[in-house]
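Chain naming follows the written order as A, B and C, and within any one chain the residues start at number 1.
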Amino acid sequence: MEFLSSIINGLSLGAMYAMIALGYTMVYGIAKMLNFAHGDVITLGAYTVVIVSSTVLVPAINLPVWAGFIAAVLVCAAVGVLVEFVAYKPLRRASSLAVLITAIGVSYFLQNFFQIVFGTSTKNFPRVPLFNETWMIGSLPLNSGSFFTLIFSVLIMIALTFFVKKTQTGRAMLAVSEDRSAAQLMGVNVNRTISVTFAIGSALAAVAGFCYGYTYTGIVPTTGAMPGIKAFVAAVLGGIGSIPGAFVGGLALGIVEYLSQIYISTQWSNVIVFGILIVVLLVKPTGLLGKKRSEKV
Amino acid sequence: MAFISSVKRTLKKVKWKRYTSYIVVGAWFAVLLLLDLFGGLNDTGSRLMMLAAVYAVLAVSLNLVVGVLGELSLGHAGFMAAGGYIGAIVSKALAPSLPVAAYFPVSMIAGGLAAAAFGILIGVPVLRLKGDYIAIVTLAFSMIVFTVAQNLDFTGGASGLKEIPAETNYINAFVVLIIVLVVIQNFTRSKHGRAIMSIRDNEIAARACGVNITYYKLFAFTLAAFLAGVGGCLYAHTATVLRPESVDYNTSIELLVMVVLGGMGSMTGSVIAAAVLTLLPEYLRFLQDYRMIIYAVVLILIMVINNNETLRRYKDRFFAWCKRALAAAWAKCKTALKGKKKAPAPAAETRETLQAPAEFTEVDETALDERERKGEK
Amino acid sequence: MPILKTENLSITFGGLKAVSDFSVEIEKNRIYGLIGPNGAGKTTVFNMLTGVYKPTAGRFYLDGEDLTGKSPIYINRKGVARTFQNIRLFGKMTVLENVLVGLHAMNKCDPFSSILRLPRYWRTERELKNKAHALLDVFGLDGEAEHISSNLPYGKQRKLEIARALATNPKLLLLDEPAAGMNPHETGELMETIRLIRDGFDMTILLIEHDLKLVSGICEEVTVLNFGTTLAQGKVEDVLRDPAVVTAYLGE
């Protein structure tokens, strides 16, 4: 019984990683860059919820937490697009290392921006009705928050798969990720496609930030850093650039991390998580579901 | 007179570009010595200079992987940690029974060897992987080292390894920096360095030229790890308390920023960038909370301006204009100097005020040249 | 004894026969052509001969030694050097350094002598630099020795790639479409260079080429590949008149 509930909690943690990893992997697939600032978008999302659903914004009226959620998704998507436009777009033809360092700069900027605006003290995430209960399914205690995180991620995954496969923009994204210049020659608006990708990825990070908020309740300027890195690991584990890979990698990472925390040791779980990553890459150098690309001589 | 002109001729023949890094470090060291002699160097100042030298060692060693071998490493602090902890432990064990001059080099070599062992260990997966996957494996490695350091007893756990003998001073720090520079530059300017650069530029062609890819990748990685271990050991003896946080992922990132800002493959650039990035934040303390955000904005601006074709053209034009203006001013000074040889004082003054900005533009230019020369076409 | 002898060299990629039963014998000091339409498997043959691909069947011998399935480095040391269809220079290194990498195997200086700058380092380095300059001189590139190789004009990049291949001291030189992208004047120059390499370096050359004028101009013998199989083989004049070859090139 305890094992089953650990699995569910692990899945929920993994679902959160999966949502972040989807953003990582989509941006990597389409813009061919590691967006190291992605983790900080999670923090931005969480802070937005905190601000909107408190009395700071509209005095005397406590907006519901769901208003905060919607605001977070919109704000993050907008910031994602803005950051892409200001910092990454001028570097379309630069080396990937230059883009990486720029992304690190953006990450520093966001973290310190949060620090100036919100201070270093922990901000409490508002309570979400229904999300902080313990349900009993038979004799199995289930945290409602974990359940909803899982539901969110599954819905997102379904929506995203549908979007990529069935819509014009989604197909444009696939085309750009395969071959940018060929896509351009076929009339795909590459810049717009990349902007859309950043918007979607950042919106997913906002959802992940919301999930993080109601699960862990305390938000600090560096909240998103560690989940960001873990999600990056998840994306690579699943095969970076692959959408199902990010989902599978996220869930796998979550379960491994949670189980090793429960059954082995909290302190050493990171060693296990990162060790598994190295081992997987040794056996399958492109990740679990990644495509192998070989250079033609 | 004949002697002087023959010296002049020999000096002209020397390829100065090869020695810029030594000249820069030597000049920096000389300034420190002079300051120290005249009592202008307080404890905080000399500690800062030591740290700058330590980070220069680390940045230069990372440049061997990133700039020369062309592989992205996000885990260089992991090697620094290995060297730091092992070196500090060796020092603590030997300190009671041996003089400093005997045990400090020993602990530095021990730290370097420990890091090199990790370098080989992590080099094996690196050989099988490509590009961004190498970045993530090195990142994972440094995360593992960080967690292990946090949880082991003999590394002092999360509160850090304490009471490390404070044996680093700016003199031995600079000696180590010079030695590391000599090792790296002599290495890269030999057939081995060329082989490593050929792998960076075109692995398939390198193999067709009979370059042993496996051997050289591993060699570069291990040598870089060794030198980072030495740097880590030096760091431990500067800080005297080695906390896991000082050798975590963020440190790796900072080192990477130094390498990129200094110019890929340019050791001089790495040294200057390491010094600037270590010293500047301290002198900008008055900016308080805004310090880091300004740093972030400047970092983004530098990257965008240097790597966007249109913006770079504007920048080049601006610097060309500055250069012309300076050259004109310099020519004026010269004529003024020649005109009244008996009163050189005012001329010297103008020269000094003019040279300060000149140095800055020149620093930037070398980094830029480097990037353009090795630049992505 | 032929310098290069291949026996039924074949390779399949996932069921697709890229090259089947490729057999040639190339005598020393010959310039041998390998021609055929796009996708005929010419470069694949080169990749097998240099160890990039391992042949699924058949063997090949260099100067009598069986090199089938050996590593690229081993094959290179034994005396096979090549150039690439899409030029592969070490773009961020200088022209001189490119050739010095080619001379890599000849330099017997260990890392420690290099780091400590022992006399051994200075001696080997001086010898190799002299060799490299001499080689560059042959190709008229010595004036640009200190230039960054990717800044060279196209024709010179091709020449540099050949010089680098020659630096590895091969017995057999494989040139993959050396005239690709060249204008008629440059092609003429290249033909001179190739002859000069053969005579001056006592070299055997196997080259892939589309330019039939070049092939008939300098090659003594030629093999025509089509869909991985050998269509015709023999003296250039005869082969190029072969109706099967004409059909492969021009269609029915």
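Assume contacts are C-beta pairs under 8 Å (C-beta built on N, C-alpha and C of every residue); 3 or more make two chains touch, one makes a residue touch a chain.
Not measured: the values here are computed from a predicted model.
Of all chains shown, B has the CA centroid lying nearest to the centroid of every protein CA atom. The chain with its C-alpha centre at the largest distance from the centre of chain C is A. Work out the mean CA point of chain B and of chain C, and you get 41 Å between them. Between chain A and chain B, the centres computed from C-alpha atoms are 34 Å apart. Computed from the mean C-alpha positions, the centre of chain A lies at a distance of 49 Å from the centre of chain C. Residue positions 297 of chain A each touch two or more of the other chains.
Residue positions of chain C with contacts to 2 or more other chains are 52, 84. For chain B, residues touching at least two other chains, in rising order: 204.
Residues 182-183, 186-187, 190-195, 197-198, 200-202, 204-212, 219, 265, 373-375, 377 of chain B are the ones touching chain C in the complex. Residues 50, 52, 72-73, 76-77, 81-82, 84, 88-93, 97, 100-102, 104-105, 107, 109, 111, 114-117, 121, 124-125, 128, 148, 150, 164-165, 167-168 of chain C are the ones that touch chain B when the two sit in their complex. Here chain B touches chain A in the complex through residues 66, 72, 125, 128-133, 135-137, 139-141, 143-144, 146-148, 150-151, 204, 249, 253, 256-257, 260, 264, 289-290, 292-293, 295-297, 299-300, 303-304, 306-309, 311, 376, going by the rule given at the top.
Against chain B, the residues of chain A that register as touching in their complex are 28, 34, 87, 90-91, 93-98, 100-102, 104-106, 108-109, 111-113, 115-116, 229, 232-233, 236, 240, 267-268, 270-271, 274-275, 277-278, 281-282, 285-286, 295, 297.
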